[in-house]
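In what follows, a single structure is set out as structure tokens and then discussed.
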Amino acid sequence: MVQTSPRALPALYRSTIGKKAIMAVTGALMILFLVVHMVGNLKAFYGPAEIDEYAAWLRRIGAPALHYEWFLWIQRVGLLVVIGLHMLMAFQLTRRAKRARPTRYRHRPKVQGSYAARTMRWGGVIIVLFVIYHILDLTTGTVHPDYRDGEVYNNLVNDFAPERWYVTLFYALAVIAVGFHVRHGLTSAVQSLGIKSPQRARTLNLAATAFSVLLVAGYLSVPFAVTVGLVD
Amino acid sequence: MKITLRVWRQKGPEDAGKMVEYQLDDVSPDMSFLEMLDVLNERLIAEGEEPIAFDHDCREGICGMCSLVINGVPHGPERATTTCQLHMRKFKDGDVIDVEPWRAQAFPVIKDLVVDRSAFDKIIQAGGYISAPTGSAPDAHSIPVPKPAADAAFEAAECIGCGACVAACPNGSAMLFTAAKVTHLGLLPQGQPERYDRVVKMVQAHDEAGFGGCTVTGECTVACPKGIPLETITRLNRDYLAATAAGKKKS
Amino acid sequence: MTDSFYTLGDPIADTKAPKGPIEERWSRRKFEMKLVNPANKRKKTIIVVGTGLAGGSAGATLGELGYKVIQFCFQDSPRRAHSIAAQGGINAAKNYRNDGDSVFRLFYDTVKGGDFRARESNVHRLAEISTQIIDQCVAQGVPFAREYGGLLDNRSFGGAQVSRTFYARGQTGQQLLLGAYQALMRQVDAGNVELHPRHEMLDLVVADGRARGVVVRNLVTGEIKTYTADAVVLATGGYGNVFYLSTNAMGSNATAIWRAHKRGALFGNPCFTQIHPTCIPVSGDHQSKLTLMSESLRNDGRVWVPVKAGDTRNPNDIPEDERDYYLERMYPAFGNLVPRDIASRAAKKVCDEGRGVGPGGRGVYLDFADAIKRLGIDAVKAKYGNLFDMYERITGENPYEVPMRIYPAVHYTMGGLWVDYDLESTIPGLFVIGEANFSDHGANRLGASALMQGLADGYFVLPNTIGNYLANNNKLGEVPAEVIAEAEAGVKAQIERLLSIDGDRTVDSFHRELGHIMWEYCGMERTDEGLRKALTLIPALREEFWQRVKVPGSADDLNQSLEKAGRVADFLELAELMVIDALHRTESCGGHFRAESQDADGEAKRDDANFSYVAAWEWAGEGKPPILHKEHLEFEYVKPSQRSYK
């Protein structure tokens, strides 16, 4: 089916639309990761055994063909490439935009477009900063008060303990930022890939909002449950 | 009505330019915005100053020549209305109004409020047409066009090429303008043979002219005096990706 | 009957229109023509001034044929030519409705509508070509209105009894122009057309008696430059702005054709102007232009004024028996749908009686109350919604609740440079197309016929006839440097003069005053006395202009006052010729109504015995009375009759 002409792809990559399409595809992969990750997190409600086993299983995927943690590393590298591409495209498009619109209006109007659309760039940066902290926190344990390898349940409960409410708050804010980013990102990606049809514009917006709310709720449920003592 | 105007004055492309304040004491609500500027200009000439340069021609909202950013909004506060069709009754006595030119790298300021929009012509030149040499056309009824397609094509074809979309877009993107033409021609059976080729060439011209990329901010369509919908951009993206990623040549 | 205000020259002997059966003339003429061989076309340069329907279509077609085209317009893009503003539609004798239309009927309607002051051969050719235009535009992707079956829709327009008007909502001109513009841009991309927007033509270069180039001013840098070519085409539109207020764009001007006139091109029927009855009335002194409301409104709206003079009551408080539906009363057969000139004059008449409404008393009601009652508000909205919105935007009144106010306004100029059957002016090598020439519409243009003419000229007629000229003038040689120097010097001298007067009146104030004079004395109704008065007022105003005008700024950059000043200077001369033309034509015909020539009912009375000719005026020099050349008109196919709409 694909009969790509030789010069089409470089042209695609160079064009603003191509770059946007790359963002959309990488964004979609990251959303896929977020969904799987959320599902994993929710296992915390079923107690230590289940979630710890899940973490262990993650590391065994592909066995015996794959060695211990190989899959995880493949996934990590994949994710890194994805996020790198996503950020590179975001950076290039932003630089282009700055060059295309070098002068500001003296009179700054109230924002007319959607709020989420205007916060994509800063939102993305905040998310990356959060992820770095988050990995140091729950993957490597570097900034964790009581990190124990393989004991995910324990790590969570200690992390979001009531007296550490500020950590919970920080996570909450970050997750909400993710929600905003995903909400606009979804509609935007659908449009960037040319999937949206005029009749479904409203439906799409609603669906994206609903999805993001569910995502945010799913993520927040775990830290909050720990903080208020539902999970301990 | 009393109105205070703060207008961008810039002698030429190289001049730095600045906002200059003017006081008008006798503005009639029946005046159009441009007629108010006419009155101010008459006064400036009488006082020996150079009048404010601004683009305009038809003054009926169709030629797309008028182009003022009024209080930060291209074409001013009234929705779906060009600057020339905006009337002073939309403002209040005592209002302070800021008037600036379209801002975009691809639209350099020539003087005061006048900018150079020839980049739009370049985009059309690249492929915004159907090749139909004069005299070679078959009878108009030889290809029926479904009414919904004809109507949708018409709505996209309504674009007046004013550039307000670019002026409004935080990325300085001309995607709405480009998409309007791609949609107009891409919806008609006559436009099919060149459909994919056209979109690739037009997007390339768009990027080369120095416009930014579209990140679906949606401000363009709000500022557009003809209400060209955002979906045209979706359509453009679809055709573009089909042509490049999937190598589609014919529909 | 030569009067002192003009002198009589030789009649025009030959229009190049072939003889024989009228339906064969155009093919005959095309066959007679010499052709330029394709390899030579590339060596031929043609200048086209103007990018409206006429210029745009001509530039695109000539480029496609292989000529090298250099094209100019004063706006920032060719797409902004004033053709873009045409609303109603374009005629074509397709007979898709099976309602008895034919090329001959369109020809007949146009000759009759023009009150028998147009050349039959030209009009027939126009009607023949009309069908091809629609095919061409559809192929280009012009989104004409369609029916559910996918075929093109038609509407009826301006007095015609058949439905032959093709349209694209209320934006037909826009869509047709964009079609031509896109075709033109394709040729620019192909390198066949060299485009110069924001350039204004300020003089014609004539060498060895032939049009060989133009002097233009780059409106951004102020640079004066001459471009030379093998032939020059003017497609610069109408000169309605001589009246200051009109439905034309602010920049519409007569400069190109006027300077060509002064270089020797005859000016045909300058006084024939069309006044459109349904425009939004003037609201104050600040008014800069008048906006047309589509004529289609008269299909459902009822026109009236109060019976009593000076009745300032709210229109909704005026009872039925105190309203005068004057069109229905005076013209029971056609009622509100009488042709433009008649509706316009009737409105003027009731306002002159003091019965006009609105500020200044210059307006009549166009009332939709009955239509809303009959059809329901939604149906009225569906039909006229965009027009009602536009009206509300401009006037601030809601026409669903209060009757609209309308008044006639200058709309179209039937006059223009005189051209023969080949669209060539009396300067060899100078071709004139579109509204800029005088052809085809006689003394009154039918609705939806200007777009047809512009495209017929540009796509189909000119590309043929100009080839013949080029083939016959194969060795034109270089344009002598001193000819170019002379033309440029003249242009520069005028610019310097305008800038150096440094008087105390703005250009606009002169333009406004000229407009008042023209509207008052050379507008809807013209009298011997009024025209003679205008003939003293205009030269005096011109004199004053050259003493007192103030043009700030310099010649070396964008200077909109300077642009305007040059245009108004030309209007001040053209206006005088219009008045002379109106004064010499003591008959009434079409848009030209002489109060002295009316029948007992106040209807226009034509005088075929004395005036069955085109008045083609020659410039005799500064301060000298112009010279009248008559092109006698023969009517072999449509016998002149008196129009009646009673």
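For clarity, chains are labelled A, B and C in written order, and residue numbers in each chain start from 1.
Here is the rule we go by: contacts are C-beta pairs under 8 Å (C-beta built on N, C-alpha and C of every residue); 3 or more make two chains touch, one makes a residue touch a chain.
Fair warning: this is a prediction, and the values are worked out from it, not measured in the lab.
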Notebook entry, point to check: Taking touching chains as linked, do they make an open path (line), a single closed cycle (ring), a hub with spokes (star), an all-linked set (complete), or other?
Noted result: line
Next item on the list: Count the C-beta pairs in contact for every pair of chains, then give the pair with the highest total.
Entry: B-C
Checklist line | Chain nearest the global centroid, as defined over all protein CA atoms shown | finding: B
Checklist line | Rounded Å distance between subunit A and subunit C, as computed from the means of their C-alpha atoms | finding: 63
Next item on the list: Just give me the whole-number Å value for how far the CA centre of subunit B lies from that of subunit C.
Entry: 27
Notebook entry, point to check: Once you find the CA centre of subunit A and the CA centre of subunit B, what distance in Å lies between them?
Noted result: 36
Next item on the list: Can you check the complex and tell me which residues of subunit B touch subunit A?
Entry: 6, 8, 19, 69, 71-73, 98, 100, 103-106, 168-173, 175, 200, 203-204, 206-207, 210-219, 222-223, 229-231, 233-247
Notebook entry, point to check: Where on subunit A is subunit B touching in the complex?
Noted result: 1-5, 8-9, 11-12, 14-21, 93, 96-97, 99-109, 112-114, 117-118, 120, 184, 187-188, 191-198, 201
Notebook entry, point to check: Which of the residues in subunit C come into contact with subunit B in the complex?
Noted result: 57, 60-61, 64, 75-80, 82, 84-85, 94, 96, 132, 134-141, 143-152, 168-169, 171, 174-175, 178, 181-183, 185-186, 188-189, 195, 197, 220, 249-251, 283-284, 286-289, 291-292, 390, 393-396, 459-460, 463, 504, 506, 508-509, 550, 552-553, 557-558, 560-561
Check: Any idea which subunit B residues touch subunit C in the complex?
Finding: 11-12, 28-32, 34-36, 38-39, 42, 44-46, 48-51, 53, 55-65, 78, 81, 85, 87, 89, 110-111, 114, 116-118, 120-121, 124-126, 128-141, 143-147, 150-151, 153-154, 157-158, 160-161, 184-185, 188, 190-191
